[in-house]
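By written order: A, B and C. Residues from 1 in each chain.
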Amino acid sequence: MSALLVSNLRVEINGSQILKGVNFDVRANSVTALLGRNGVGKSSTLKAILGIYPHSGKVQLGERDITREQTYRIVRSGIGYIPEDREIFASLTVKENLSLAELDEEPNYELAYSLFPELKERANQRAGTLSGGQQQMVAIARALLNKSEILLVDEPTKGLAPRLVTEVADALARIASNATMLIVEQNLALVRRIAKDIVVMDQGTVVFSGGIENLNDEEFVHRHLGVSVRGH
Amino acid sequence: MLRWKYSRQLLFSLLAFLVAIPLLPVDIFRSAGFQQTIAVALLYGALALSYDLLFGYTGLLSFGHALFFASGAYVSVILINRAGWSLWMATLGALVFTIVLALLVGSAALRTTGIAFAMVTLAFGEAGHVIINRNVGGWTNAENGLPLNADRIPSIFVGVANTHYIFWLSIAILVLTYAVVWWVTESPAGRVFAALRDNETRVSVLGLNGSRFKLLSFTVAAALASIIGVGMLIASGSAAPRYAEANTTIALLLMVILGGAISRWGAVLGGVIYSIAQTRLQDLTQSGFLDGLPKLIGGPLEEPVFILGMIFIFIVMFSPGGISGAYYRIRLRYLTNKSKTPPVKA
Amino acid sequence: MDTFLLIGITGIGLGALYFLVACGLSLIYGLMGVLNFAHGAFLSVGAFAGYWFAVKLFPVTSNLSFALSILVGGIAGGLFALLVEQLVIKRLYNRHIDQALVTVGVSLVAAAMLGGWFGHDPLLLPTPTWWYNAIQIGDAFIPVDRLLYIGVSLLMLILFFVILRFTRIGLVIRAGVENRTMVQALGINVKLAFSTVFFLGGLAAGVGGVLIAGYSGGVSPYFSGTWLIYGFIVVVVGGMGSLGGSALAALLIGISRQYVNYYAPGLGDFVVVILLALVLIFRPQGLLGKVAH
């Protein structure tokens, strides 16, 4: 059964069509990677699912139609979101950033702190003074506080130093072992490590859906992602 | 297109009729009071149009436009009364002064955008009002305003018997404003203004310096306001501090919203209607027909601003585009019905 | 020296009044992007409610009646603000220009209603007997009312601070000022924060309205106009959405205006505008603001 079903999703902003009818689904208890070149609409797809962008089409979370819901209700119905560029609150402390995200009766701080023990030490530091990697940890940790049906993860390793890429990737791999996840990621090594399915987008539509094994095909990768397999 | 094919003919006939009003053998048309009311209304129509160049055509929500209207009136009256300049030279002097002022204020205020721009222009406009009201340097005669020395201007603009010349002057200023705004908005620069209004990023992507075009629009609107300010000086006989009030700009905003920011004639119509409504509603509400109502309801209804404010809120919330917007909606429906077949998408 | 001190404290008192006007404006703009022209109406509604209470409901010139009329003014301002938010602002969600326009309409209608009910002549607010007294600090005689403005403003600042710092809704407001979309993407209904901010802003403005009525000698439907404009200037100078910035800018503007007016009569307002221009040129985001707008 699919945890998330997206059909004919369309987004238009300032008269230009960002998404022109996107269709795909995400299997439960498995990781699906959303791939494609820059600017093909991957992040917009996530934002449309979350109701941040006005959209038409249909988005189904499990059995439930969430297409017309407001963003905060969509999130409450069981979606965790780790946005592109982290979007943590710079003027709030780490602790405040996390407690802001609490929705469940018993938020799961154990998981968050076991993945990123550093955050516990820096609880009272302003998030704006953290390094990029630490900010990403805050962004991931706050999405893990509440139980969710699916995690939407947008380029978690973008702009991080290599050492931090490994740390964040390890954490995501641990999370992925018992979660449903839709991840946008350019780092194909990470994608191969955690994803079972891939969805490839181009110019606002899905051009391919299938198994992760397709990423072993050098010609496929070059054609759809514009990079060579060895390059990553 | 939505534009009616006879609209230009209609416009010119209307203009001809306006010009002929003082000559027609109708008592009310010949009364100086009527001519004065309409002259002031036409000037407000022109001022609203100059404001629409900013607000409707460039997307700049300025709350400081009154500053330039007041500077036109005040600089010219000071030049005429004190320096003994002729009306025409004083108009030119006020124009130059206002353009320089607009360039200065505009380059500071345009460092911000959107709502912050509104706040900043409001503050600068208020500064002008304060300077005038505090009689800084003894130039402005504080809240009493500066009466125009009638001996120094052409005699045709002096005296109640000559009101029809003021009436014609107002028409001339309105036509000038309309022509300049028409020319600017239909020019390539005007297309950049519209693009700035709709999507600023796209303009900068094209490699055009958006803020320079905004400053151009800001300055042209200010220059027009200063000329209209001179007109108002002649029509009312003095420069008054309320010309510089934030409430004057807010009134312009009301006029443009009322008539519809999307069209030039809408802005003019809004200005004329608002100006007449201000004076006529006052007479109407004081005529006593509200006397039977309890004060809880009757009190507010006696205030012209109450009714205008309610109409304004209603238009913003439920009927964007004001009068001209409503007209175009009806016309669009008429055209779609007439052609039977639905319009083909390009 | 005593004159210097007197002007300084008068300036702080004036700054305290500016702060009451500006703090709500700043939070409303910071959180919701609404340029709130109706804020002057919050001020007037508070002032008239305070007047009405002190004259009609509790006509005793006592400290208690005066304190209560300040409270009544604050609550009336807050409730009116809430009404405006629920009735008009909410329906124009994310249409910032239309929101600003509609608040202009609200301010006109509110002023006209107050004018229709109470007339246009200034009405004298009954103040306690000590209102015009002065107390001696050092060599200077300081008018008592100035100290009251400072005290009330401090209380309001503390109230705002406690709410923002130690409550859940305060946390949501602070986060929302920074990034409203992301707050919603964390599953939080940010509209509750909107209403809270409008109520608090109206509360401060209502309290300010009563005090300003005492300061300027009377209430009339349009008496808030200049104060609103000063409120806007304080917000721009302090940095939009920053409470501390508003407090700092209010003090700076109040004090510099008083000193300049004393040593160069009539130029006080002028200096405020020059200050504004300087801030815009060298620090467009405002003294304590984070983002340029």
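One rule holds for everything that comes next: contacts are C-beta pairs under 8 Å (C-beta built on N, C-alpha and C of every residue); 3 or more make two chains touch, one makes a residue touch a chain.
Note that the coordinates shown come from a computational prediction; the quantities given were computed from them, not determined experimentally.
J.: Starting from the Cα centroid of chain C, hunt down the chain whose centroid lies farthest away.
T.: Using the mean of the C-alpha atoms as each chain's centre, the farthest one from chain C is A.
J.: Which chain lies at the heart of the structure, taking centres as C-alpha averages?
T.: That would be C.
J.: Could you work out how far the Cα centre of chain A sits from that of chain C, in whole Å?
T.: About 43 Å, centre to centre.
J.: Centroid from C-alpha atoms only, then distance chain B to chain C, rounded to Å. What do you get?
T.: Measuring from centre to centre gives 31 Å for this pair.
J.: State, to the nearest whole Å, the distance from the C-alpha centre of chain A to the C-alpha centre of chain B.
T.: Computed from C-alpha means, the inter-chain centre distance equals 52 Å.
J.: Touching two or more other chains, which residues of chain A qualify?
T.: In chain A, no residue touches two or more other chains.
J.: Mind listing the chain A positions that touch chain C in their complex?
T.: For chain A paired with chain C, touching residues are 50, 52, 70-72, 75-76, 81, 83, 87, 89-92, 96, 99-101, 103, 142, 146.
J.: Per the contact definition, I'd like the list of chain C residues that touch chain B in the complex.
T.: Residues 29, 33-35, 37, 88, 91-92, 96-98, 100-102, 104-106, 108-109, 111-113, 115-117, 225-226, 229, 232-233, 235-236, 240, 266-267, 269-270, 273, 276-277, 280-281, 284, 292-293.
J.: Which of the residues in chain B end up touching chain C in this complex?
T.: These residues of chain B touch chain C: 61, 108-109, 111-116, 118-120, 122-124, 126-127, 130-131, 134-136, 246-247, 250, 253-254, 257, 295-296, 298-306, 308-310, 312-313, 316-317, 320.
J.: Where on chain C does chain A make contact in their complex?
T.: 171-172, 174-175, 178-179, 181-190, 290
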